[in-house]
Amino acid sequence: MASSTLIDRRFIARGVERTGTARFAMWLAPWVLLLGVGLYAAYLCLYYGLNQTNMDNRFAFGLWIFLDLSIIALGAGAFFTGFLVYLIKMKELKAVLNSAVVLGFICYSGAMLVLAIDVGQPARAWFTFWHPNTHSMLTEVTFCISCYLVVLSLEYIPMLLKNRKLRQAPSFLAFEHQLHMLVPVLAAVGTLLSFFHQGSLGGLYGVLRGRPFAFREGFSIWPSTFFLFILSAIAVGPSFLALTTRLVEKVTGKALIPDSVYQRLGLISGLLLAFYVAAKSIDTLVWLNVTSPAVGFAPWEHYSYGQFGIWLMAAEIGLFGLVPAGLLLWPKTRASRGWLMTAAALACCGVLLNRFILTVQTLALPTLAFDEFMTYTPNWQEVATFGLVVAYGVILYSLSYRYLPLFPQEKELAGEVIEEGTHVSGR
Amino acid sequence: MKPTRRDVLALGGGAVASVFFTPIPWKLLDDASIWTQNWSWIPQPVKGPVEWKESACALCPASCGLRVKMAGGYAVGLSGKDGALCALGYGAHQMNWHPQRLTVVRHNGQPSTWAAAEAAFQKACAEGPVAIVDGRPGRGASQVYRQFAEKTPGALYAVIRTPEEEALRPVAAIAGVPVERLGYDLENTKLVLSLSAPLLEGWGGPQRVQRLWPAMQIIQAEAELSRTGTCAARRVQIKPGSEAMLAMALAHALLDEKLATGPRPAMSLAEAAALAGVELDEVKGLARTLAAQRPSVVISARPEPAVAALNVLLGAVGAEGGIVARNGAPAPAKSMDELPGTLRAALLDSTVPWDRRPAGAQEVFRFAAWRGGDEQGWMLPAPGFLEEATDNPATGARAEALLKPPAGVKTTVAFLGGELPAAQPVESAIVPLTCKLAAWPSAAPNGQDGRTAAWTAAWTPAVLAPLATKLHQESKLMPAGGGRRQA
Amino acid sequence: MKTQKPRRYGMVIDLDRCTGCGACMTACAAENNVAPGHAKATPRTGLTPMLVQRVSNGGAGADRREVFIPVTCMHCEHETPCVTVCPQQAVELDKATGIVNQMPQRCLGCRYCMTACAYHARYFNWWDPEWPVGMERTLNPGVAVRMRGVVEKCNFCHGRLHEAEDKAAAAGKAEIDPADYRPACVEACATQAIVFGDLNDPASDVRKASRHEDSFRLLARLGTEPKVYYRSKQEWVRGLAERGQQEVRRG
Amino acid sequence: MIRGLCFFLIGVAAIQVAGWVGLPKALYVTKAQPFEYRHKTHAEKSGSAECDGCHTLGADGVFAGLPKTESCAACHTEPQGKSAAEATLVSSYVKTEKETPWLVYARQPANVRFSHAIHTKRAKLACERCHGKHGESDTLRPYQENRISGYSRDIWGRSISRWKRVANEGMKMDDCEGCHKQQGFDTGCLSCHR
Amino acid sequence: MFPGVDGFHWTFAHVIFLAIFFAVGMTIVATTVLAIWRAHRDVKTRRVEQLRWHAEFEDLPPAERTCRHELAGRVEHRTCPHAFACGTCPEYSKYAALPTDAPEYAFGMDYPPNRLYHRGHSWVREDEDGLVTVGLDDLASRLVGKPDAVVLPEKGQWLEANGTGWRLRKNGCEMRVMAPIAGEVVETGSPAEGWYLKLRVPPEMRQWRHLLRGGEVPGWLMRELERLQLQLSPEGSAPSLADGGMLVDGLMDQMPKADWDNVMGGTFLQS
């Protein structure tokens, strides 16, 4: 069977070229394998308990919570693009909205998947809804992430029903049409929820009075990390979106969105990143000179242990904050596709580093006078579960790209030059 | 009309739509989370009303008073009667279920039977000298062992000396009194100078000194920082093994300052202080404190004639708060180490520490409640914690057995065919003791290396928690599935 | 306990008297049905609600000093970190007694409270509790055995508070006799280094001890109002109250 | 269209029956008590109808719960009457000195502390308030246990919807808390859990 | 989260928090229920057929949306923005007035002038007895040849314009032919008889401006043949069909290897 024959022709929309089913299966095979290994690791952790991981009483949060925070921050592209398209009427981003919603759905469902394994007693997860403690940031995170996952799936369903085979059922077609008409309401609700829980994820650490490294003063009940997390999430969302779309273009060899959309995403990301860097710098200065000394922790103390030196703070704000912001704001570098992608990648790494510092370094640093600095390395079960989420994401995105119309302008751009000089005949 | 796919869908739709109006989802959700609280594989405490009974702990000679919380016929909690128990005491009731519990007679590592053991013992008694070793003389069982020893020809009765008794041997020599009758009257002591003695780490019974310590002052002279050194009011750094030299230096200081009268040690003050590695004025200061805060006593970990002499100079021997003699002590008996070189067999009581055996015994009959260490000879299952009546040697009070021993367990008394005599309460009183120091004793070798290590209850962070056992403290044995011993 | 006025149970631990014998740790584990450490357990994954830490002043040879510090839950009162962060109210600062009480039945093991606690006084059940065959007969009936996947902590042996209340009720008294309620570690301390009682009661010796001038609290400046005080005549030990006062070596 | 609707309604009816009738039957498993016991005959024969005759509350507040075999053995060393139940008692429990493995209707889970001392002595509640007519029963009703949670059925109560419950039937946390709220007791988790 | 739940202490913060949560929850549920109800209504009122047609029209590549006036040559280039709904097209009259210069041949296929043609290759003819006959035009029937199976609507069923007319199956390829006009099915024919349906159309609905007639047909057919050439030519090779050649009958049987799913999608205007 030639690699280009499409067995699943009836599911793929007309006028769009997709690789042969065999070749597609070969692309999915390694990810399915990774998914299998991850599922086995998850089974071990659920069946035998969390002693399967390297976490301990000091490192109650480990690789998984870092993963949760990071993919939810990167998944912020979904609500922010929805917000821009439907509420700010930035129509040109419609080209990338569907992909953003799929990415958002993957990130949030992946985060919930990992949380289900990370929690000691998953069967009691509903207790947070039944006995909510409104003072806790984690309650707010639980409520909002579950609601927003519902909203995301409601935004994902219309795309699902646009599939050529499913569209033939009249009720599906009608439901897809009607839901599509109401999507702006969902986008508004999604934005409200997301602003709250992106903030609360930051608030998780800001309220820790017992951890001076993470504790921050703030505005009424919200610590400053609440606002910094929102800012960093919406700053990095568009970059991650541009990065992933570029990746998909490279893998499939097709032009999927016009260059103007890349420029627009880059500009938005650059502006917000600059604003974030400024806010972050002010917050760090206030923390080092006011908040931390007030509870008896000298500023240099937080950075004098193991490999967690001052370079970490410099990298987070400077290399991964200021540099990408500059690259994205300067029209010449934003115009060049290469620089735009490096800046986007740097911005994403900045958010990952920030989440890592707040999750792992907070726990590593001593608090009592006779505490010692401790380190932690994840074991294979934890890394395999991490791989499980990544594999789940890639597989879901590949399937969505193949069977659902993610990129409305793909047809017009078919045949356009995606690399300098190579004309694409459509593989 | 044949149901079509659409009908089945409609049926399913109806069911699913209205399932939330039935108790199914809600009751199952509620029960599912309750199920996670009652997993069948999580053990549950014994059901039944709780009652408190009194007994004594038989893990070591201290015989601390016990209040035992009983439920459903099992011991479910321990607490001290007149004071706290030691780190081992609070987990002792769990030791009966220790995976290494011995309930089957074993011979050289192979299971055997009581009959075979008795036959072997009869043969051994007939053929040659047999020694009965008693770990804790002065109990009802000890009398049975002594009668057996007298009755059978060629049988000897031997005891295990605790390191504290060993250390008092030089004082016994000077005072001319059997060492069993000597003891420390720490209840009235104000100042103790300890020469590397682990006073707060289990010396003289795990909690004895700790209970009295708040009322008295400890000065610790030692080479290496120990837990006692940490908590002591004052710590004197000395060279390793130079306890005797310090004692001689102190004796000189006392005599120079006219705080005491008596013969002088051969070695001069300056030389002794130098060997001990202590400044002269610190020695003088120590001497003055010793004299000022009487009643004071000097305790050394190992038998040191110099220390005994110093105590006599101080007037601590025979005085209140120092080293005193008491009546009603068990009759003197040979220590296990003084047994003749060749022995046909030795019967070791369950109170003999698991790693001690007479040197020359060809065949060993050891009573033990737990396996562990060398499996040479006969291992005879003995009753465990609170499973046999025990007497407190000091007061003669008898604590009845509270728990039923498992099948296949016999007491040593029963094995020897004796009967446990009725408890004779011993009203032990302090007897006046006068002692003069004729000449400073020659610096005899300070005896075999003191068994201080045995009594240093190595401090164990409680990752191991309640399974800290007497066995564990002395043996390298890991309870099956038990936690790691973390130095 | 509508009739009783609220009590604030607290502790004062005299560090000069602690010899590090570990009896409090064993008694705590036996009282609260803590299983023997799993074969793969380490001091970082063990269940030690009462943990005695060995700390030295960093010196060597003659001027090296050490102290044993029993660290347990401080039952913080002001903005109790673990109570405010628990998403499903599995932890509660009890109004009547001031005890911060953890409910393993409602805890879903998210471990957020463990990151919030500055004293690392919260421990996670990484393994299902396992006793050698038959040893479950020695479990203390007054305390429920926890299952894996939940966090647990010191709750001042409130099982004994229940026994004291039952005794008072049977005797017809409205309030418990303070001598009846002593946590396992307080009772297990041979040198009576731990004084326990109601901080609200001016006559109680825990109140007097907590007002002594050489008593201090760990990390008091964090503002969580811990209710466990420490005492020591040694200056360098009092220096351990706050971080960064001096270079300190552990172990 | 009508055809689809009626299938829909059949589905609805089926699930309602399954939920309200089927679930209670399937959820609980009935277990037999070790042997029959008549409170009424014992009350008449022993002359005292007081509960704390056998279910004693100690001076130190410890509630003895069900009497032990030795208190039965006081009269039943030899069978008094001809009933088969007494024969089982004597043969398999009194003679072998084993405790009778009663299935307790009002057994609370391991993590709940119910203090009989406080409720009977201080609050002066009558036993019937929670245990109903069990004291005068002349037969032991079947003991039903929840297959999933392992609780006795009396904890949730007889009716699956807990509607129109009699005072002494059903002792879930809501019931205890309801009563405490009425009496004005502010209960923290600490007071009832261990 | 509900009042009266065991051990639930209501505080002011709970009220705000849960109020927001329930508000968000209600919005989401309301949106979904509204969408479901509207979808249900659309299916009931058969509006779904228009929805389907509009969705399909959006997916057509620009080349297949050429306006009829461009076909007829009246205008240079124009793509239809209204899903071929010429009846309601505002600029219709403006363009209709322009002169046409379309050729008069039908590439050797049978396109009688008395019929009107729908872009989905079905034709309409008014009969004397007031009924309207509907059938498959010559190009489509040459492509399909003799269909394996035909699924016709029942008598008395109401068809929507651009809705589903009838279905054909050939060599495993499902084809849905769109109904050119709205009307009630009176009679059903068969491929042998050359027509498929006879519809009764109420007089006020006899307005078929959207159907192609006269001069527009050849232009339309030329484009259709060009598209067929492009789609039927094997991978990457130049179109091999000679210009002006007659379209042989039963092409699906002649060229089984071709991507008929794609071709038929284009022919019957489905994505």
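The first chain written gets the first letter, and so on, giving A, B, C, D and E; residue counts start at 1 in each chain.
Quick note on the criterion: a residue touches a chain if its C-beta (ideal position, glycine included) is under 8 Å from a C-beta of that chain, and two chains touch if they have at least 3 such contacts.
Treat the numbers as computed from the prediction; the structure is a model and nothing was measured.
Any chain bridging chain A and chain E, meaning touching each of them, is missing here; the list is empty. Chain C has the C-alpha centroid lying closest to the overall centroid of all protein C-alpha atoms shown.
Looking at A-C and B-D, the interface holding more C-beta pairs in contact is that of A-C.
Our note on geometry: chain A versus chain C, Cα centroid distance of 40 Å, whole angstroms.
Inter-chain centre distance (chain B to chain D, centres taken as mean C-alpha positions): 48 Å. The centroid of the Cα atoms in chain C and the matching centroid in chain D are 36 Å apart. Per-chain CA centroids place chain B at a distance of 28 Å from chain C. Shared contact sites, meaning residues of chain E that touch two or more other chains, fall at 5, 7. Residue positions 32, 35-37, 44-45, 47-48, 50, 72 of chain B each touch two or more of the other chains. Contacts with at least two other chains are made by residues 38, 42, 46, 89, 105, 128, 142-143, 145, 147, 149 of chain C. Residues of chain A touching chain B in their complex: 121, 123-124, 126-127. Remark: chain D residues 3-5, 7-12, 14-16, 18-20, 23, 27, 58, 62-65, 68, 99, 109-111, 146, 148-151, 160-161 touch chain B in the complex. Those residues of chain A whose C-beta lies close enough to touch chain E in the complex are 4, 9-10, 13-15, 129-132, 134-135, 139-140, 143, 147, 150-151, 154, 162, 164, 167, 170-171, 173-175, 177-179, 181-182, 185-186, 189, 192-193, 411-412, 425.
Taken together, the chain E residues at the contact with chain A in this complex read 1, 5, 7-8, 11, 13-14, 16-18, 21, 24-25, 27-28, 31-32, 34-36, 38-40, 42-43, 47-48, 51-52, 55, 59, 61-62, 235-236, 259, 261-262, 265-266, 270-271.
Chain contact summary for the complex, chain B toward chain A: residues 29, 32-33, 35-36.
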